[in-house]
Structure formats: C-alpha cells, structure tokens
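Multiple structures follow.
Two complexes follow with subunit A in common, the first pairing it with subunit B and the second with subunit C.
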Partner chain A sequence: MIDYLQFVLAPQMITGLSLGVAVVLVALGLTIIFGLLDVINMSHGEFYAVGAYLALSLGAAGISFWLLLVLVPLLMIPIGFAVERGLIQRVFNAPDRHTTTLLLTFGLGLVIEEVLAVIYGPNTQRPPTPIRGAVEVFGVMLPNYRLFLIGFGVAVMGLVALVVYRTRLGAMVRAAAYDRDMAASLGVPVALVFAGAFAFGLALAGLAGVLLAPIYSVFPTMGRDFILLAFTVVIVGGMGSIAGAVVAGLLLTQVQAVSSLFISPVWSDPIVFGIMVVMLMVRPQGLFGRLGRA
Partner chain B sequence: MLAIRDLHTHYGLSHIIQGIDLTAAAGEVIGIFGRNGVGKTTLLKTIAGWVRPTSGGIRLDGVDLGGLSPDAIARRGVGFVPEDRRIFPGLTVRENLDLGLLQRRGRGRAAERRSVDEVFARFPRLAERRRQLGTTLSGGEQQMLAMARALVGAPSLLLIDEPTEGLAPMIVEQIFGIIRDAKAAGAVVLLVEQNVHGALAVADRFYAIERGRVILAGDARLDKDRAALLDAIAV
Partner chain C sequence: MHSHVDAGPAPAGAAGPRRLDRLGLAMRASHLLFGFLALTCLIFAALAWRTGDVFYLRLATEALIFAGLALSVDILLGYTGLLSLGQALYFGLGAYASAVTLKAGYPVSGALGAAFGLSLAASLVGGLIVSRVRGVYFALITFGLAQVAAKAVYNTRELGASDGLIGVPVMPIHLGVATVSSDSPVGFFLFTLAFMAVLYGAVAYLLDTPFGRVLIALKANERRVPYLGYRPERARLAAYVLAAIVAALSGALYPMLRGFVSPELLSFTTSGNAVITVVTGGAGTLVGAFYGSLILTALRSVVGSWTSHHLIVIGLLFMAVVVLFPKGLAGFARSWVEDRFARTGSL
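After this line comes the complex of A and B, so read on.
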C-alpha cells in the first residue's frame, strides 16, 4: 500500500498537478478574456504555442530560462494589444459578435499554426530542462523542475487573484466586466482595460508555453489538445470565473492523472469531456460565478 | 455652462430625440419632465455618451462632448447617475466610490482620500458599510452610493435619472438634499424625475419634453410657469 502511494500514486499526482497548474494559467487567460470582452478566444492555444516557440528560439539564442519567464509574457503583451485593437475591435460591435469573433479567432489560430510550421518546420522540438534532478520527500521522488513549475504557477495565480480582487486596477476590471457603460461613465478607460485584459490573457498563455516547453514537446499544433482541456476547465469552473478556472483546472487534471492508473489513459479525455457534458446538463453556469458578479 | 444645440438621436430607425436645445449655467438645477417614453432618459444617455447623437452639439464649459466615448466624457467632468443605479454587485462600497475618483485623475492621493472622507462624512451609512458588497445595500443606500460615486469626482455636470423612484419619503428628502449640495458646489444638474413637485422644489428651471422635443421651458420658482408645466405634462 505504502509502496503504491510512493511509487505510483504520488508521482502521478505531482505530474498531474504540474500539468494542472499550466492548464490553469491558460484557462485563466481564456476566462478573463471571456468575462470581460464576452469573446471566446479560439486562438488561445496557438498563443500558448507561440510562447513555447519564443522560449525555444530565445533560449537557443542564449537567453537564460529564468529571464524567459519574464521576457516571453512581456513580448506577448504588444501582440495581444495588436490583435485586440487591430482584429477583435473591428468586429466587436457587429450584431453577431459571438459568431464573428469566434470565427475570427479560429481563423487566426489556423494562420498562427501554419506560420509556426513554416518557420520551425512540422517536427517536434524540445528545449533543455532548466532544472535537473529530483528530491525525495517521504520516500517519494519529486522532479525538481515540476516542483518549480508548480510553485511558480501557484505564485502567478496568487498574484492574479491579488491584482483582480485587491487593487483599484482589479476593481476597474471587475466593474468593466459587469457593466461596461457604467464603468465608462465613472471614467474607467474601458477600451484600454479590454485590450489590456486580452493582452494579459495572452501573456499567461505564453507563460504556460514557456513552463511546459521543457516537459512536453514543442510543435506547431501543440495548442490544439491543450486548449480543449483549457476550454473544458473554463466551462466546468464557470465561464468568466477566476476561482472556477483554478479549482476546475486542478481538479480535472487530477481526475485525468488518477483515473489513468486504473483504466487505460486512452480514457482520460473521454472522462474529462464527460464531466463537462454532465456539468452543462446539471449546472450550465459552472461551479463559480462570472467575473464582476457577487 | 452646458449648451445643447439641435440634438437628434436615433435608436435604429426610431427618431427619439428630435432637435432639443437646452442651456444651463453652473450651479443651476434643471428639471426635465415628460411622460414615459418621450426621450428623457435617452437625452441623458446621449449626453453621457451611451448613445451616439445623430447630429447636433453638446458643449460643456466650451468643450465639445459630441461623439466622444463615455469614459472620455466622464473625464471631462460629466457624472451620471442612471436609472436603477447600476451599482457593481461584485465591488465593495469603497471600490464603487474609488472608481468615481477616476473622473478626475491626477489630483494626487491626498486629495482623493479627502474626497472619499468627505463623502463618508456626508453619508455615514455608506461609511459603516464600506467593506460590504454593493448589492448588500438597501435600495435607498444603493441610490446614495450611486450619487456619492458620481459626486466624488467633483463633476461640473451631473446627470440624474429618476433618483427617488420607489424610495421612502425620508430617503427622498436626503436625495434632494444631495442635489442641493451639488448645486452649491457649482455643478450643472440635469434632473429627470417623475416626482414633479419634489423636483420643482430643488430645480431653478425646467424643460417639458414631448415626443423628443421641448414643448415648454420655464422658471421653477414662478407659479405661472409651474402651472403651465403641470398642465403641459398633465399630472
């Protein structure tokens, strides 16, 4: 029993947790963008891939991994502003906003995938692991890099929650998410807040790309599978909910990790999507309420 | 000084505001009256920038507000207290007020804190509830907060839509008291109100609107003009 815990269950759960933390970062971006702009960003997974490729290229150019953790998200910000201002705002006030923005971002995702394939080729690549080795805790071997990823990711989540729920900027974001017109009439620069939130969401996706690149492989369509999981997390947690993204992200990745010990890992996706379907039937609003609502 | 010239606003194909002219000097309270659906709310929304005017001019202290975004209009000194208060449910009382400070940015932290302290001194009920979420307040308290949130940025034009609807007489008296304060501070106040008698007691002048046009303008203190108003809007 103890052996099973030490050598099978605990390592599997830590692996699931490290993936879960990265999924939460991607899902947080999705849910903030949805909560604020009411736009489902279908290209979010591709920006996760862009983050991973930026880490790969800049890392190969000699920039240290630690610097990339800051640099890549910062590089995503102007990209996010350009996409929001240049593309999304163009169709934002169309009467069928949901359809047009969905198609627009879906198309953008395809373009990014192809561009990545043209620049880097279709083959998988993998940057070196920045921290090697493992520590032993209560007889469980824990890979150092995964532990770092978990700690760093949790710190980022804490920082996001702190900014959104404890600062005046966060109050502006919550107000604009709930009632754009009223927020504007108090002087909140809503257009800037919207573009900033989109850019911030992309920065989080890029960060997840940097963090996961050393563990999972980097390839042009890497965003596809990952974004399906992130969308599931956002739906189960509640569209536009920050707490929901965190709880559902960690929960669903644990379900995947633990269930794959008992039944073939082939079933881990059907199980997770099944949870989403059940959730949509019994509690379509998700586990938690939308950003800006009490 | 507010000057509105030949203002027209459409909602899709319907022509709501059909050429309104209106002027108001600093420190004047202007009552806007008329039946439901004549365009009173649309007039305020057009000034606040929620609805774009089709044509015409809106100038506040010489600055053209026509076609600006709502946040740009707010930062040029226009405070808006819309119908149903629009309190943010996920924000505390204090956070709701803090957003109002964005209307006048760059005053410095000390001046902002003074403004908030003044508001809390004026509204002790809000001070007691500063950490509560906006939606936990009663209707009267939410109206106070909506007014306070607009006033904390020291607006030079205050747009108020139906502030006393559904409130107890004591609260109504307080709301009119706040409007008198705003007037004393030198703001132009446009007050849309179904409670005509109450509003006439705080207003300096009034406009009666019918089908998007001004049908009567007068002095709120003259019995003759008041009688004409009551006649015109048939209350």
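After this line comes the complex of A and C, so read on.
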C-alpha cells in the first residue's frame, strides 16, 4: 500500500500537478479575456504554441531559459495588442459578438497553425530540459524541472490574483468587467484595459508554452490538444472566474492523472469532458462567479 | 437579420395568390440561386462527360457531399443562431454507419436508413444535453462531444481504429427508372446532386413552416420566444436533430464515393471546414452552403497546386469574410435577387 502511494500515485499526481499548473495559466488567459471582453478566444491554444516555438528558436539562438521566461511573455504583449485592436475590435459591436468573435479567432488560429507549419515544418521538436536531475522526497523521486514548473506557475498565479484583487490597476479591470459604460464614465480607459487584458491573456498562454515545451513536444497543432482541456477548465470553474480557473484546472488535471492509473489514458479526456457536461447540467454558471462579480 | 424578423407579414388582402413576406421572399431567392447552381452543375457534368474527366467530377461530388454537412451547420448557425463546432460528429457517424452496412452487403437504401436511424437516436441523446445550453456553451459542448467521439473511434479496433474502414464495395443505386453505379463518375455525381437537391428542398420546406419561424425567432431574441407560447428547448432540440440527420445522410454518401472512411471525417478539421464553408458562402441562406463548398473546393485545388499550405489562404479569406462581408457570398447575391423580387413582385 505504501509502495503504491510512493511509487505510483505520488509521481503521477506530481506529473498531473505540473500539467495542471500550465493548464491553469492557459485557462487564466482565456477566462480573463472572456470575463472582460465577453470574447471566446478560439486561437488561444495557437498562442500557447507560438510561445513554445518562440522559446524553441530563441533558445536555439543562445538565449538562456531564465531570460525566456520573461522575454517570451513580453513578446506576446504587442501581438496581443495588435490582434485585439486590429481584429477583435472590428467585430466587437457585431449583433452576435460571441459567435462572430469565436469565428474570427477560429480563423486566426487556423492561419497561425499553418504559419508555424511553414516556418518550422510539421515535425515534432523538443528543446533541452533547462534543469536536470531529480530530488528524493520521502522516497519519491521528483524531477527538478517539474518542481520548478509547479513553484513558478503558482507564483505567477499568486501574482495575477494580487494584481487583479489588490491593486488600482486590478480595480480598473474589475470595474470594466462589471460595467463597461459606467467604468468609462468614471475615467477608466476601457479600450486600453480591454486590449491590455487580451495581451496579458496571450502572455500567460505564451508563458505556458515556454514552460511546457521541454516536457511535452513542440509541434504546430499542439494548441489543439490543449485547448479542449483549457475550455473545460474555464467552463467548470465558471466562465470569467479567476479562482474558478485555478481550482478547476488543478482538480481536473488530478482527475486525469489519477484516473489514468486505473483506465486507459485514452479515456481521460472523455472523463474530464463528462465532468464538464454534468457541471453544465447541474450548475451552468460553474464553480465560481464571473470576474468583476465575485 | 433583424430587419427580416421585424418586417412582419405583407399586407393582407393584396391581389393575386399568397403574397410573400420578407422571409418567404428570401427563401424564394435562395431557391432561384439553388436552381442556378444545379444548372451550372449539370452543364459541368455534361462537359466532364464529353471530355471523359474523372478527377474533377469526383472532386465536385465530394464538394457536394461536404456541402450537405455545411447545410446542416447552417440550420443551426444561420437559422437558430447556434454555432456547432462539432457537426462532423454526425457526418462521421453517417459515414461509418454507411460503410459498415455496405460492407455487410446491404444495399444503398440500407446504408442511408442506418445513417438516418443512428443519427436520429444519437442526436436525441446528444440533444438532451446540448439543447439546454446556448451561445458559447453550445459551441464548446458540440466541440467537446465531437472530440470525444473522434477519440473513441480512433481507438476502436472494430471500426478500423486510426486506419478507418477500407474496401467499401461498389454498389448499384436503384432509382426506379434507372440504376446508377457508385463508381460511375457522372452517374454518382448526378445522383449526389439530386440527393442534395432533395435535402435542400426538405430543409427549406421545414424552415419555411411555423417551426422554422420559431427557430428564426430564437436567433433574433430568445427571451421573447416563451412569451409567444413556444418552448425554446424543444425548438432547439428539433433543430439539432434535423441538422444531425442532414449531416449523417450527407456523410453516408462519402464511403460510396471514396470506398473508405477514416477518423479524419469526425475531426475538428472537418467540423471547422463546414463552419468556414457556411460563413464564406453565407449563413442563413441554405444555398450558401453549396456555393461555399464548391467555391472553396475549387480554391483549395487551385491554391493547393502551388502550395500545401493552402489553409493560410483559406483562413485569411475566412477572416476577411467575417470582418468585411458578414452576409457571405450567397447572402450578398441573395439580397440582390430579393430586391429584384420585391420591386417587380415576381421574377
């Protein structure tokens, strides 16, 4: 029994946790963009892939991994501004914003995916692991890089929560999410907040790409496999909820990790999806309330 | 779209037979455009038959089959206002049902019957979940359902797993007056064209009834629908089932054309292509699905001849349509035809 815990369950849960942290980063971006702009960014997974590819080629150019952790998210910000201003805002006031923006970002995702395939080719690549080795805790071998990923990801989540709930900037963001017009009339630069939030969401997706590239492989359609999980997390946690994305992200990846010990990993996606369906039946608003409302 | 709904019925008591309201007019304009498309297809078939072409006939047949999938997306997106990102689920279901039935030695009517029955049953079950949600939730649930189904098929050895099912036999199709073999390029093209015309006609008829008007009302303003005495859930379920059947019946033709089915048919790529087709062709026009499919297939084959990354071109075109021409191609043409109808009172 102890052996089982030590050699099977614990490593599996740590692996699940490191994936979970990355999923939360992607889902946080999605949920912030939805909470603020009321836009479903279907191309979010592709921006995660862009982050991974940026890490791959900048890393190959000799830039250290530690610098990339800052550099890649920074590079995503102007991209985010450009996409929000140049594309999203063009259809923002269309009669059916949800559908129109979903279609637009879906098209954008397709184009990005193909552009990545043109530049880097369709094959799978993998950057070297920046931290090697493993530590032993209570007889459980834990890879250093995964531990770093978990620690770093949790720190980023804490930072996001701090900014959103404890700073003046965060108050503006929440105000804009709660009532756009009222916030604007009180002097919040709503347009800038919207574009900034979109860019920030992309930066988080890019960061997840940098972090996961050494563990999972990098390929043009990598975002697609990831995005269903991220969407599930956002729905279960509550669309637009920051706390919800964190809780649901960690929970669902644990369900995946642990369930794959008992059944074929092939069925871990359906299980998670089943949870989402049940959640929508029982509590359609998700675990937590929307940004600006809770 | 709003202007259509608010326009109301034409003044009563006008001279002559039933006067059409805006929606009726729009539907008639769609019929005209479909007639034009069918005529073009017939001329194309005659030319291809004269020159002995096989490749382009097969390609056009495939375009028509995928137009059926796009038509089913349009029932949801263009009429009911629901974006399905997983309509390939039912297209694939129909294709697999048809392939299995044909391989077991049943005739084409059996294959179509199997696709119909299975899709009806599956969409009633799926509809119980899906009809309760709308907006982005609908899009994400349909997306997820299709992903799960694709994964299941991909891992089921009985269905050929990742290889799919190959060796679907060539079947004669008995049409009463004539018999067409599914491996005759011209014959099967004409059969598919006729099949799609029937599907289009049936869908157009259903959407022109009071049921169709409820769907349009759902799209325009769902909150007002219950006050008019209709149940949104029920109407949504009906639209979902209808769309599923149309997708499955179109999918059923696929193995007859290609002789195989693969999990790719259920993939997000297939679902996404159908959405692109409808939006480019013109959502809410029904006929746009056909124009979109034929034009995009032609574009793909032209661009594909000089680069394998034709998706960049298609994707950029799609984005341009979403931003600049939200009515789509056929939507554009249809407004023009409609205006002519309205001005002259007849054709």
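Just so it is clear, the second predicted complex is superposed on the first by the 293 of 294 C-alpha atoms of A that agree within 3 Å, B and C clash if a C-alpha of one lies under 4 Å from a C-alpha of the other, contacts with A are read in each partner's own complex, and residues count from 1 in each chain.
Note that contacts are C-beta pairs under 8 Å (C-beta built on N, C-alpha and C of every residue); 3 or more make two chains touch, one makes a residue touch a chain.
These numbers come from a predicted model, not from an experiment.
Visitor: Clash or fit: how do subunit B and subunit C relate after the overlay on subunit A?
Guide: Taken together on subunit A, subunit C would fit alongside subunit B, as the superposition shows.
Visitor: Counting only touches as set out at the top, which of subunit B and subunit C does A:183 meet: first, second, both, neither?
Guide: Only subunit B is touched by A:183; subunit C is not.
Visitor: Tell me the contact category for A:26 with respect to subunit B and subunit C: first, second, both or neither.
Guide: In the superposition, A:26 contacts neither subunit B nor subunit C.
Visitor: Taking the superposition as given, does A:191 touch the first partner, subunit B, the second, subunit C, both, or neither?
Guide: So A:191 only meets subunit B here.
Visitor: Does subunit B (first) or subunit C (second) touch A:231, or do both, or does neither?
Guide: second
Visitor: Counting only touches as set out at the top, which of subunit B and subunit C does A:156 meet: first, second, both, neither?
Guide: A:156: touches no partner chain.
Visitor: Residues of subunit A touched: more by subunit B or subunit C?
Guide: Looking at subunit B versus subunit C, the one contacting more residues of subunit A is C.
Visitor: Centred on subunit A, what angle do subunit B and subunit C make, from Cα centres, as a multiple of 10°?
Guide: If I round to tens, I get 90 degrees.
Visitor: Is A:172 contacted by the first partner subunit B, the second partner subunit C, both or neither?
Guide: After superposing on A, A:172 lies in contact with subunit B but is clear of subunit C.
Visitor: A:164 in the overlay: touching subunit B, subunit C, both, or neither? Say first, second, both or neither.
Guide: Touch status of A:164: no partner.
Visitor: With the two complexes overlaid on chain A, what is the closest approach of subunit B to subunit C, counting only CA atoms, in Å?
Guide: Nearest C-alpha pair, subunit B versus subunit C: 12 Å apart.
Visitor: Following superposition on chain A, which residues of subunit A contact subunit B and also contact subunit C?
Guide: none
Visitor: Along subunit A, where are the residues that touch subunit B in the complex?
Guide: Against subunit B, the touching part of subunit A is residues 168, 171-172, 174-175, 178-179, 181-191, 291-294.
Visitor: Within their complex, state which residues of subunit C touch subunit A.
Guide: Against subunit A, the touching part of subunit C is residues 1-2, 77, 81, 83, 85, 129, 132-133, 135-137, 139-141, 143-145, 147-148, 151-152, 155, 268, 272, 275-276, 279, 309, 311-312, 314-316, 318-319, 322-323, 326.
Visitor: Can you tell me which positions in subunit B touch subunit A when the two form their complex?
Guide: 48-50, 69-71, 73-75, 78-80, 82, 86, 88-91, 95, 98-105, 133-135, 149-150, 153
Visitor: Please name which positions on subunit A make contact with subunit C in the complex.
Guide: 34, 40, 87, 90-91, 94-96, 98-100, 102-104, 106-108, 110-111, 113-115, 117-118, 224, 228, 231-232, 235, 239, 264, 266, 269-270, 273, 276-277, 280-281, 284
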